[in-house]
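All remarks here apply to the structure that follows.
Chain lettering (A, B, C and D) follows the sequence in which the chains are written, and residue indices restart at 1 in each chain.
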Amino acid sequence: MAVVKEIVPFDQDKIYEKHRDLVHLDKWVEHYRSYAMEGRCAAYIPALAMANPSQLGIAMAGPDGVVLKSGECEASFTLQSISKVIGFIAACLDFGTPYVLDRVDVEPTGDAFNSIIRLEVHKPGRPFNPMINAGALTVASLLGGRAPLTKIESFLTLIEKMVGKRPSINEEVFQSEWRTAHRNRALAYYLKETGFLECTVEEALEVYLKQCSIEVNTQDVAMIGLILAYDGFHPIRKEQIFPKEVAKLTKALMVTCGMYNASGKFAAFIGLPAKSGVSGGIMAAVPAHAGSKKSPFPDGCGIGIYSPAIDEYGNSVAGSMLLKHIAREWDLNIF
Amino acid sequence: MAVVKEIVPFDQDKIYEKHRDLVHLDKWVEHYRSYAMEGRCAAYIPALAMANPSQLGIAMAGPDGVVLKSGECEASFTLQSISKVIGFIAACLDFGTPYVLDRVDVEPTGDAFNSIIRLEVHKPGRPFNPMINAGALTVASLLGGRAPLTKIESFLTLIEKMVGKRPSINEEVFQSEWRTAHRNRALAYYLKETGFLECTVEEALEVYLKQCSIEVNTQDVAMIGLILAYDGFHPIRKEQIFPKEVAKLTKALMVTCGMYNASGKFAAFIGLPAKSGVSGGIMAAVPAHAGSKKSPFPDGCGIGIYSPAIDEYGNSVAGSMLLKHIAREWDLNIF
Amino acid sequence: MAVVKEIVPFDQDKIYEKHRDLVHLDKWVEHYRSYAMEGRCAAYIPALAMANPSQLGIAMAGPDGVVLKSGECEASFTLQSISKVIGFIAACLDFGTPYVLDRVDVEPTGDAFNSIIRLEVHKPGRPFNPMINAGALTVASLLGGRAPLTKIESFLTLIEKMVGKRPSINEEVFQSEWRTAHRNRALAYYLKETGFLECTVEEALEVYLKQCSIEVNTQDVAMIGLILAYDGFHPIRKEQIFPKEVAKLTKALMVTCGMYNASGKFAAFIGLPAKSGVSGGIMAAVPAHAGSKKSPFPDGCGIGIYSPAIDEYGNSVAGSMLLKHIAREWDLNIF
Amino acid sequence: MAVVKEIVPFDQDKIYEKHRDLVHLDKWVEHYRSYAMEGRCAAYIPALAMANPSQLGIAMAGPDGVVLKSGECEASFTLQSISKVIGFIAACLDFGTPYVLDRVDVEPTGDAFNSIIRLEVHKPGRPFNPMINAGALTVASLLGGRAPLTKIESFLTLIEKMVGKRPSINEEVFQSEWRTAHRNRALAYYLKETGFLECTVEEALEVYLKQCSIEVNTQDVAMIGLILAYDGFHPIRKEQIFPKEVAKLTKALMVTCGMYNASGKFAAFIGLPAKSGVSGGIMAAVPAHAGSKKSPFPDGCGIGIYSPAIDEYGNSVAGSMLLKHIAREWDLNIF
């Protein structure tokens, strides 16, 4: 199953060099796959509940175009909360960081991703950060263009620039989420009342749930992680996709708030900017300076992981364990 | 006022090399000093209220022993919450990280440093992290040895190893805090009830308030920051003071929870592990990989800042602005 | 302006008897009218903001059909939260008290009427009581018949039985509330998610906002208060409108939760079951045993008050003061 | 076991009259005793944990001096939270109601009796009401005289005036509470910081825990309830012990906040001013106007109940059920 695939012109030597690393990766994937049983597929979105919980796949993309893959790395899954990272970047591109930060703060909360309490306690304050649902809805409402279709378009365009192909929206997942989005509607109406929604509730919700329903695989996610690692620069296409300042800020947000209310534990025990989604995806960015010679990617890399069984916080169980193991074994850590 | 001082044997060249940087630093210090007026000295501890709010000093300590200083860098101040970092490290040294983490979590909260709410809402959970008062009191109660004197001794010994001299406790500040520590006593009794205090309330409080009252200057703080930057290794004395794992974990905690409930903004806009105290001190660590050639310390450094006028969160106003300016100008950022 | 009006066949003597009391009432109304300036008309519902804040009117209805009136007693106003009492009674009539109480608790909260926090903290618990918006929305969703029109019909029918005429819905107020009901929609979607809404959000909201928009005057409200005072029995028409148990329970709810988060102060300083609305209406019930010989209604009465300028809690300023004065002077108190 | 005992000169006829009622009472006590198994004796105060959970006793004291008793009515128990009622009255007697209400509000909370959250959320507000621990500690700190001994003396004197004998303090219970009062100390230190404690923490705590440790039996409690029912007037000794206004206010507080966070359910389903303690005691007041001809006390009465097994809220399980049954059967209800 494990493969090394190049995006740039083929170079046989690189594959041999990576062979040893692949052997490790395959072994680790097989080992941690068994821990998936300790989690459960997200039940509140019916379409997600049907995923095969024993899947575990990973892709690691280096700046030279080499991609290391193992396990169910080709499986399709929806971005879910990983899309919050992209939405935040898109909004900063559209309106500039100060405009966005006037409407959403950047403080971690310790609360669950769908918590509404702080909106009332700190009323009429901004949502605490763009990585919780309240903040992500505010960000979705900002996106350029008035109509949901235009907003989601700017979303798809940004992803296309990063992963090299236009992603599609999983209509089944979107419909499933749309019908059961009571809590998100509650959050959106609350934000509407306090003035932190710049379009209608239904429009914000359509954008947010469509961005959550964008279909990717681990390599797509790894590519986005790689560009974040390189401060917005696409190291293969040699193109600055978004400004360095936005990238630094986004990675800081991923560290402080990216892994739901287990973000502190991720920072402490893994030490990489990462963002998870309830579909079981994890995106991580290993900046060049945090790469190590022990690893197959001494100049940093992006990491995409998928394993749909999630824990009480909403993070992939086997995915988190695999990422922790890799970070420790290969000495990847920004701190 | 600005001086370059060496700790290791004198080397005239280094001073000349740094001259240009010093000119910058002096200019910045003078510029940001005026912003101190926007803050106020901590009023709830009478002895702190008497500080001169217009003071601003900085020391930056490099791995080669060079220390760059500017402003009121020699002023004495008490560690206050910066001591929480040292207490956490001391407890990990005494009992091992797993033992400590069984008693205190590592999640940011978004709440004020002296908040008690979460102890009840998440009862009977651990305090959320060791950088808020509740968690720091639990950590103080763990420290080796039964008697407060023994506990505080292990504290002083650790600092001595790092800064090269035994610090003293400011008795006046300690007495002032002791008499007005009603909120901390409330926290400590709450922790006692929920089983997260391993000594008496009065003992834990004595240790905690004494550690807060340890007197330092900016160079001392910069040295501790430097050792954190070097993962527990003292680059001048060539000695591992505490394990790399503890250092990584501590820096992660500083990023997610170190600057009170403005930690998210610090991570987003400064991007360095840092810890502040209500006396107006800030300690920051610039790991070797986060140093930049633009800066006088391409191999990383430790930073100690002092300016006693603090903002609504408890962070030094001028100190935070100076640190942000330095990080931006010299491109220091872990993300 | 002050009049004594009979509902039952005219009896000249009664009017004379009451003359002394009317003189008092007129004086008190004039006195407390000036305090209305300390409040403001509810601003969040545009149609309410246009009311004349200096109005103050009262009607007191006795079991013998005598009604004592003073001030702007004929002014029309919408029920707003007073309708929560009627909704609760209607639901108990439709489904029985146990069914209703399985879906809404009867505990006071100390929180604002539109608070959402407790729904999350005590999730997945019932709304705390039917006198806060969350509970009232749950109750509205229970009402008999599937369609909003049927639900609101059972509402209008119950009021008609009590006041002797079919009330109308103020369409302008309803439309105004419907367009600005973001917070109530947030509450309703939250309830939908936790399973405490037995119809769609839009249906529940239509019923709730229409019941809030029912137009009444002080005499109508006094009649409903009188029937509550008489444990569900209409003392003039000699008909049991709803069971005694429901009436007792409802009056208990009015005492513990009826006056928003000033209910405790109302119980303490006035001592009568009462319910207010943000339109400035107050309904109070004086049970026969709580009537006193000092008062014109020794056998109890119902009280309807209207004065649209409300305080920070949502209660009519002048109305509350007038009620307190009456209760004290005429020794009306259930405790 | 059941007896009828007079306090005033003996009158054989009265006993015969009550015989039928006693037969009922005995039957009900035996019936509800079995439900005590669903509760548990308070475990957090070691001395209370040793009580016999199957005990259930009741005394009902009428204005004519007749006392109806059944079950373990002679058992001694400590007042615990019932003392909060007496402390509030004593403080109002010492300083006047306005002074006391400036320092403690009268709003129900829906929170547990020992909750600390609201002190922070509504900081720097008064404790929400004198029936929760925070408010009771504030009240204890107000009591006349500086020293704890003087404060507790004014407490004992007030009880002596009501029950006709000087009660004693159970030193074993007091010592047991004193040693384990961590949560109460946390509350007291919090109040000290916010300025709502008018003596030292240790003094307030000594007074509060001693008032909790006052030993009574059901007849004592029934007598206090009777005097509350009679608005502060001792109907047997024909003496006004405290003003009517204080009595009305206290009964309102008992209804809205007296039964911990089940107060709403008590008001709704029982409908009598009542106050419970974690020792398993309940005091209820049936005002003259709420007495009924169905009951042995048509002119009202006081009720004292004891059954030490308590529920999750802190209320006696069997005691609450017995009180509810009595109120329903004998039609006692203030609403």
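Worth a mention:
Throughout what follows, contacts are C-beta pairs under 8 Å (C-beta built on N, C-alpha and C of every residue); 3 or more make two chains touch, one makes a residue touch a chain.
Just so it is clear, the model here is predicted, and its values are computed rather than measured.
Shared contact partners of chain A and chain C are absent; no chain touches both. Look at the CA centroids: the one farthest from the centroid of chain B belongs to C. Averaged C-alpha coordinates put the centre of chain A at 32 Å from the centre of chain B. In terms of their C-alpha centroids, the spacing between chain B and chain C amounts to 57 Å. Contact of a single residue of chain B with at least two other chains is seen at positions 121. Within the complex formed with chain A, the chain C residues making contact are 115-117, 119-121, 182-183, 185-190, 192-193, 201. Within the complex formed with chain B, the residues of chain A that make contact are 105-111, 118, 128-129, 247-249, 251-253, 255-257, 261-265, 267-269, 271, 273, 287, 289-290, 333-335.
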